[in-house]
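What follows is a set of structures to go through.
Next, two complexes with chain A in common: one pairs it with chain B, the other with chain C.
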Partner chain A sequence: MKLADTLAGLTRVPGVRGALIVSRDDGLVVADTLMEDINGAAVAALAASLAGRMRGVTAALGQPEPVMMYLAGSGGTLLAAPSANGLLVVAVAAPEVNTGELRLLLLDAAARAA
Partner chain B sequence: MRALEPWVEAPLSEFLAESAARLALLMTSAGQVVAQHGFTRALDVMSAAALGAGIMASTFELAKVMGTRPMGSVVHQGSAVGVYLASFDTPRGRWLGLVVFGRETSLGLVQLFFATLASDLARAAPAEEPPRQVLAENFEAELNNSLRALFGR
Partner chain C sequence: MDDIQALTGQLARDPSSLVFLPLAEALRRRGQLDSALTVAEQGTARYPEMAGAYDLLARIRSDRGEGDLAFDAWTTVLRLDPDHVGAHKGLSFLCFRAGDHARSLRYLEHAVELAPEDAALRTTLGRVRELTGAKQIPGFTAPAPDPLRALEADPGYALLVDREGRVLAGSVFHTSGADVADAVAAALAGVSKEAERAARLLGLGPWRRISLEGGPAHLELRAPTTDSVLLVTRSREVPAGRLSLMAERAASSARRWLEELV
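Entry: the complex of A and B
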């Protein structure tokens, strides 16, 4: 399956404003499907940085790497799931998005991207 | 961090804090150093500035040969450190930035905050001063003043 197809599955969820596949080490966009007003490069860099820090925190606690990050803000939601091959699948959504559905799809997308 | 021009200090400090870059060098497209962070020897700064300006000049010429627009940045990614070299326009002309970063940050973050630095510098730059004539007898003193400002010695 192409990376674009993986992202299309995420952006079909109502409330999702964009989805990206990001290189975790570089924080660069590998593939994206985004609304025009979203700065994909900024989301990629910051999400990868956050994922790296979370990995550091869980490692310091002696725990395995997180399988999902979920940030809920007043203006939107960001979910990110690392995949096994150094990629990070990220979704940017409105606050009212069905988080449960998006979470399942994101985990599936991370597994497909690996 | 040391800067020849005081208005460069605040945007560069912010960039260094946000990007977690190890070394940073701002220079004119001719390789004249404007500000530096992390270098401890004048020789290193001058060499890095000359090499960085040379690399960007080469990429500009390469773009001409290929018939494309000039490339805005060049990245050398090593296993331990990366080097990000980019050009940007300011009211003082075209400047170059050379950033050395380690694994504690990422190319994406460096690129992201460098773009902010470039726009902050373009906004903060005062109107261009009329060019001063550099006389041969002043050259040594001017050079020493610049080195003192960049290294505090």
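Entry: the complex of A and C
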């Protein structure tokens, strides 16, 4: 399955405003499907940076890297799932999204992106 | 035409309109608190950085007798606008209602400092001082409670740190059993600021939590105040929703403890 197809599957979930595949090391966009009001480069850089910080926290606890990170605000949620090949699959969602469904799709997308 | 009907019509025609503010307020005044809450919550979801929307939400929560939720909403107001007089007044009222007169006075005094021209506010302050018999005793400091008492049955699962990565309370352990509070605190330095920036730039509003899933334990981060970060962790067997509730309770407790120190 192509990366674009993987992202299209994520953005079909009601409430998803965009999805990206990001390079974890440099925070650059590899592929994206975004609504017009979302700055893909900013999302990629911020998600990669925050995921890197969270890796530092789990490493200090002697734990492996998280399989899923959520940054939740009152106006929506950023979800990020690392894949095995240095990529990060990211979605930006509105508050009303079905987080459980999106989580499963994101984990699947991360496995496919590897 | 009935005001509420007219305002409801306006909001239906333009859901992005700020008319949700007078509509929710009118519903609140009429005692239709469920409807007022629905309108206010939709407003805060649409305008997550509008302090006034959270102030309205807090007043509705307070009227519904939901003190903890009102407290959280007014605390959010102060994160967005530290000089919001209404939030200081509201927090003062909640503290007074809960019997915490010392803290009630502090919020009220701050409100009067922000709005010295408000005669009604000064009168209220005088009455509260009389009712509580408040007198300043130089050098006296009440003992502070353990900020993480909500979790004290299970030590080693919660850590409160300041923005510079220094431990304020709690402890966490490495998978090997070693105490790694200092190392984790250092890794958390600046996280709140970064999360705030990311949430703002992505239009997510004020950040509420960061959750990490995977490994032998799940983690949740909260920001009890703008200058602190709370980490709560539990084994992966604990459902995510339950961990979130634990973190919420611990964050409320930590917030109150930190405010006592100010």
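The criterion applied here is as follows: the second predicted complex is superposed on the first by the 114 of 114 C-alpha atoms of A that agree within 3 Å, B and C clash if a C-alpha of one lies under 4 Å from a C-alpha of the other, contacts with A are read in each partner's own complex, and residues count from 1 in each chain.
In the analysis below, a contact is a pair of C-beta atoms (placed from the backbone, for glycine too) under 8 Å apart; a residue touches a chain by one contact, two chains touch by 3 or more.
Predicted model only: the values in this text are computed from it and were never measured.
> With everything superposed onto chain A, say whether chain B and chain C fit together or clash.
fit
> Of the two partner chains, chain B (first) and chain C (second), which one does A:Ala8 touch, if any: first, second, both, or neither?
neither
> Once the structures are superposed on A, label A:Ala72 by its partner contacts, choosing first (chain B), second (chain C), both or neither.
In the superposition, A:Ala72 touches chain C alone.
> Between chain B and chain C, point out the one touching more chain A residues.
Of chain B and chain C, the partner in contact with more residues of chain A is C.
> Touching A:Thr58, do we find chain B (first), chain C (second), both, or neither?
second
> Of the two partner chains, chain B (first) and chain C (second), which one does A:Leu34 touch, if any: first, second, both, or neither?
neither
> Using only C-alpha centres after the superposition, what angle do chain B and chain C make about chain A, to the nearest 10 degrees?
About 90 degrees between chain B and chain C, seen from chain A.
> Does chain B (first) or chain C (second) touch A:Pro95, or do both, or does neither?
After superposing on A, A:Pro95 lies in contact with chain C but is clear of chain B.
> Looking at the overlay, what does A:Ala42 touch: chain B (first), chain C (second), both, or neither?
It touches chain B and chain C both.
> After superposition on the shared chain, which partner residues are touched by A:Asp25: those of chain B (first), chain C (second), both, or neither?
In the superposition, A:Asp25 touches chain B alone.
> Rounded to the nearest Å, state the minimum C-alpha distance from chain B to chain C in the superposed three-chain model.
In the combined three-chain model, chain B comes within 9 Å of chain C at the C-alpha level.
> Report, in rising order, the residues of chain A that make contact with chain B in one complex and with chain C in the other.
Common to the two interfaces on chain A: residues 42, 46, 49.
> For chain A, which residues count as touching chain C in their complex?
Going through chain A, the ones touching chain C are 37-39, 42-43, 46-47, 49-50, 53-54, 56-78, 92, 95.
> Could you please specify the touching residues of chain A with respect to chain B in the complex?
22-23, 25-28, 41-42, 44-46, 48-49, 52
> Going by the contact rule at the top, pick out the chain B residues touching chain A in the complex.
Result: residues 77, 105-109, 111-112 of chain B touch chain A.
> Show which residues of chain C lie in contact with chain A when the two form their complex.
Per the stated touch rule, the residues are 44-46, 48, 76, 172-176, 180, 183-184, 186-188, 190-191, 194-195, 197-199, 201-217, 219, 231, 233.
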